[in-house]
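These are the structures, in structure tokens.
Shared between the two complexes below is chain A, which has chain B as its partner in the first and chain C in the second.
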Partner chain A sequence: MSWARLSFRLQRWEIVFLTAGVALLAGAMLWYASQLMAVVAENPGCDPSAFTSGCEAVARRYDELSDFVTQFTNLTWAAPFGIGLILGVPLVAREIDRGTTQIAWTLSRSRIQWLAGRLVVPTLVVIGLLAALAVTSEILTAALFPQANLSEDFTWYGRRGGLLVARGLVALGVGVLVGAILGRLLPALLAGTVVTGLVFGGLTLGMDRWNEAEALVLPYGRDITGDLSLGERVVLADGEMMTFLEMQRRGVGSFAIAMDGQVYVPPEGSEFEGMESPEEVGELIGQSHVLVIPAERYPEIVAREAAVLGGVAVLFGLGSGVVVHRRRPV
Partner chain B sequence: MLATLRLTWRLQRWELAILGLAGVGLAGALVVIAWQMGAIQAATPECWARDSDAPLEASLMATCEGPLGAYEGWRGPGDIASLGVAIAPFALGVVLGVPLVAREIESRTAGITWSLSRSRLRWLALRVLPVVGFVLLVITLVSLSGNVLLTERLDGREPGFGEMIAPWPIAVTRGLVVLGIGLTAGALLGRTLPALLVALGVTGALFIGLAFAFDAWMASEAEPIDVGPDQREASRIFEMGFRDDETNELITMNEYYSAAGNVMTASEPEGMTMIAWQIPAEEHPAWVAREAAVVGGVAVLFGIGSVAVVVRRRPA
Partner chain C sequence: MSDIEVVLTTRDLAKRYRRGVWALAGIDLDIPAGGITALVGPNAAGKSTLIKTWVGFERPTRGSVSVKGIDPWRDRSGALAHLGYVPQSPALYDGLSVSDHLDLAVQLRPGFDRASASERLDQLGIPLDAGARHLSGGQQAQVALALALGTRASILLLDEPLASLDPLARREFLHVLTDAVRTDGATALLSSHIVTDVEQACDRLIVLGVGRVLLQETVVDALASHRIGPAEEASGEVVSTFLGPAGERLALERSTQDDRLRPATLEEVVLGYLASARPVPGRERAA
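The block that comes next holds the complex of A and B.
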């Protein structure tokens, strides 16, 4: 276990600071969760999310707490990227930066074995810290939405639960790879931040397209609480489906959507007047719809995204192995 | 002088190059976005001569729908670029400030360089001043470009409270204070990455504290002013309330509705005039000066702190 102790010693400051930060954040989240639960428990007759007569003070308190809770979810969203990069980048970069790789790589049986040994502790720390945030964010979300069954609900998707851990592992992989390529700590941290942004931007776009391909097309106005909403579409009378932007590109520049989601265009050569009813003067061309993944598919979608992220993390790990195996130690 | 600049460049060339390129890129993006938004408005002036909340007149709909959509399309990139302007002073300060001393201690070159210098103070000044110049230059470039976009978006109105793009004096002093924090943390800890984390934590804590302190200061000077048609969005509102038209008695909206037990409505209760405890937008420049002075003072304190640490600490 001397390799594990060495690995911890090399990154002890980062591990200590990150652990302290996560403990603070998790503690604050649990405190706010307890406050929200108390507001609900002390006022059983009130719906705290609505300003109803006699419940204004409850709603106001709940509103104040919700504002802070939203800030916490922003932090839990950002935490995987920060923790992954801070632990991943220095893993190889610091050794190259200080010129100690020559000795370390010469003394190891193989560079790959050296890298694997170095990776164990930070990987466990990433998993441990983000698992703690994943659990506390679930507790906080449950406190804010007491009526929701969060095991089948996309509310705050990606800001709670196991996806935080999977994202952290990808960021760790990005950090290790970029650090191994550049071999300088601070520049690698900057470059790693940019690469992480690009990687997750691409992954988000890819997962959105995948989800859209499997989404249900529901008429506008249906209750989609808890579902994963993937945007609006217009289904034309001939069954063709398109976005509003695509409709405008086809030359339908002026249209109106009625309260029931039906889409009308004005008579040729004219425009809708300000307050007139589009149903009376316009021509019906289609119906507005929403693309959704139903709430009951939440566990499956999370597992699928986590698997994709896990695969990407492994790819970055393999890439780091190749770089470490081939690069010069300075 | 040239040798000092060359040494600074060689020691921090990666950070300077990455941040310099990012700064120039951001400034260019801000100017292009502002130029595009301005060009759209200039090409269709009839579409903009109205209250932005009012519905478009039917006769203008066909002409204006495209330009309005195109203008809205530039808003998203504009918001992201504005966020970049807000983050720039913090990123520049922390990334350039931390390694100035920490890297020398970490790579064990501080012992040699401090011995070879006439004094540690002189050594620190020669290391810090070129970086301060660089930070000032990039923040000024980014801030001025940000103001080009802000001016375009405000469409002739004066900037007020609540804008994401901070005025130049505040942006500059923020950059300097974060540079000071990074420098002090790096000199104290003598390790780059831990110092970076500490500097980020201290920066976060300091600016959250300053935000609360300024809020309290402003709230103590806020005055109850009628919310009329001339009420400007750019004012800083702390509390809404009502003035009794007969007695001139003031009551906050929360107190009023708690006492009345009614659900909130958009209209004013009979016999009451809606007021807001606020700092009017006209006082914005004075508050900018106050904030810049306070933040600048904190920057000086951190500068003195870093000098004290470098002069006293062991080089390893």
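The block that comes next holds the complex of A and C.
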């Protein structure tokens, strides 16, 4: 317990600041969730998401609350990165910056043990704070979409639930590693932010590719509520599938998509005018489709992404260990 | 030195930093067990680099170092098990109290003697509940020393701990150090660029200049084997000549009996050897 107490004291201001921020955010989310639930409970005959006759006031109130709630999802999306970096970067960087590693690394016979010990409290704080946000964001989402079965629904994917925790752990790992390499607090915080952006950019790209490889190709117009949409594709008459960008790269400069999702190109040498119907003047070249992961695969996809993120976090932790083991203490 | 236990050694130790500067240019040292050895030299002589190679903070560019026969770069934890270290600046944790530092040491170092460290600080009037940031420089140095002594390590490496202390704090620090070394039978290596500070406390002297060992001797032998006087009267084995306090040119001679010269003080011995290593214009330090 003494080690936990000392670790907490070494980062107490960050922990207090982040805990207060998360408490405020979670409190606000719960309050809005209770408001949404009250709107639904007080008007059992109304669908609050539709302006049906006699339910206009309910729908208006629900709409107002929804606007605020959507802003919260931006904060819950950003929270893992902020919390992970704020706790991760100073862990080694501040010690090197202030020279305290000279004492710590000679008192401790193993720097790896020292790092592992120092990681325990920040890791638990990241897990605890983001778990709180994960739960409250689930409650808020459930309040906003009362008809949805959120355990099998991609609505607000990555902005609620356990993925917040996994992302926070990766950001923590990035922060620790960058801080250990640079050994200066402020530069490490800036560099950590950039590296986190690059890491998550790469991870998102990779996960999208993986999901696309397993996605269903559904004709345009099909109800995909709750599914994970991975973008649109055009399926040409010969069965070839491509993105709109790829189509343009192949020289199809102008095209139009009809209401039913059919894709037309204008007659050779001309372009579609604003008001004309593409079905009447254009040539049908294919059908627009959407790539989706069906809603029922939500638990599996979340578990898979969390496992990948967990693995990446472990890699950053190991990298931090290598750097700490080899580097100078000042 | 075959019948004396040697605890710290270097063999042809050279260290070059990335910017191309040689901090150590191939030195051989054997530091025997017991007592306090002063490592004296001007700034940038390589004192800190030398100590940091034993602690495992710096990797030798060439040559080897050992702590009780252990290469600290290959087996850092093995070497650290024998070492207590006091860095140049105490570098305590701002947000922790003195007592927290002792708790931290207990957590990090198996066998850390919290009771004796606590008692030592208590005797010096350093409150255990005081925040590290509220301590004076001398008190911070004493806490750092108490942490090193509390490890019960048989070898203490002290990297210019006196540099930023006032004269009274320096005296107290040295008193605690000498007392602890005599009581515990430990070996201490104390680096400093202020000779008067270490003269009373140390048994052995190593003078380091431009990355080389210029003198390695017991303090008693160093004092007995050097004489000093006006440069024109020196006729024996002159170590170097340098300016005296009144601007006169003095010569340090390695001799025991030249009656024209008087016995040299330790400061004059050190100055003489440092003067002997003054860089010649146009010649750079190289390994």
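One rule holds for everything that comes next: the second predicted complex is superposed on the first by the 321 of 330 C-alpha atoms of A that agree within 3 Å, B and C clash if a C-alpha of one lies under 4 Å from a C-alpha of the other, contacts with A are read in each partner's own complex, and residues count from 1 in each chain.
Simple rule for what comes next: a contact is a pair of C-beta atoms (placed from the backbone, for glycine too) under 8 Å apart; a residue touches a chain by one contact, two chains touch by 3 or more.
What you see is a predicted model; the values in this text were computed from it and never measured.
Visitor: With the two complexes overlaid on their shared chain, look at chain A and say whether chain B and chain C clash or fit.
Guide: fit
Visitor: Under the stated touch criterion, which partner chain does A:98 make contact with: chain B (first), chain C (second), both, or neither?
Guide: A:98 contacts both chain B and chain C.
Visitor: Once the structures are superposed on A, label A:109 by its partner contacts, choosing first (chain B), second (chain C), both or neither.
Guide: After superposition on chain A, A:109 lies in contact with chain C alone.
Visitor: After lining up the shared chain so the two structures overlap, which partner does A:186 touch, if you call chain B first and chain C second: first, second, both or neither?
Guide: After superposing on A, A:186 lies in contact with chain B but is clear of chain C.
Visitor: Specify the angle subtended at the CA centre of chain A by the CA centres of chain B and chain C, expressed in degrees to the nearest 10.
Guide: 80
Visitor: Scan A:9 for contacts with chain B and chain C and give back first, second, both or neither.
Guide: The answer is second: A:9 touches chain C but not chain B.
Visitor: Would you sort A:328 into first (chain B), second (chain C), both or neither based on which partner it touches?
Guide: After superposing on A, A:328 lies in contact with chain C but is clear of chain B.
Visitor: One more residue to check, A:117. First (chain B), second (chain C), both or neither?
Guide: second
Visitor: Which partner reaches more residues of chain A, chain B or chain C?
Guide: Comparing chain B with chain C, the partner touching more chain A residues is B.
Visitor: Have a look at where A:53 lands relative to chain B and chain C in the superposition and call it first, second, both or neither.
Guide: A:53 contacts chain B only, not chain C.
Visitor: So if I take every C-alpha atom in chain B and every one in chain C after superposing, what is the smallest distance between them in Å?
Guide: Nearest C-alpha pair, chain B versus chain C: 6 Å apart.
Visitor: For chain A, what residues appear in both contact lists, the one with chain B and the one with chain C?
Guide: 98
Visitor: What part of chain B is in contact with chain A in the complex they form?
Guide: Contact set of chain B toward chain A: 14-15, 18-19, 55, 57-59, 61-62, 65-66, 69, 95, 98-99, 106-107, 189, 191-194, 196-198, 201, 254, 257-258, 261-264.
Visitor: List the residues on chain A that touch chain B in their complex, please.
Guide: 13-14, 17-18, 21, 51-54, 56-57, 60, 86, 89-90, 94, 98, 182, 184-187, 189-191, 248, 253-254, 271-274
Visitor: Quick one: which bits of chain A touch chain C in the complex? Just the residue numbers, please.
Guide: For this pair, the touching residues of chain A are 2-3, 6, 9-10, 12, 98-100, 102-111, 114, 117, 328-329.
Visitor: Which residues of chain C touch chain A in the complex?
Guide: Per the touch definition, chain C meets chain A at residues 55, 57-58, 76-77, 80-81, 83-85, 87, 89, 91-96, 100, 103-110, 112, 144, 147, 151.
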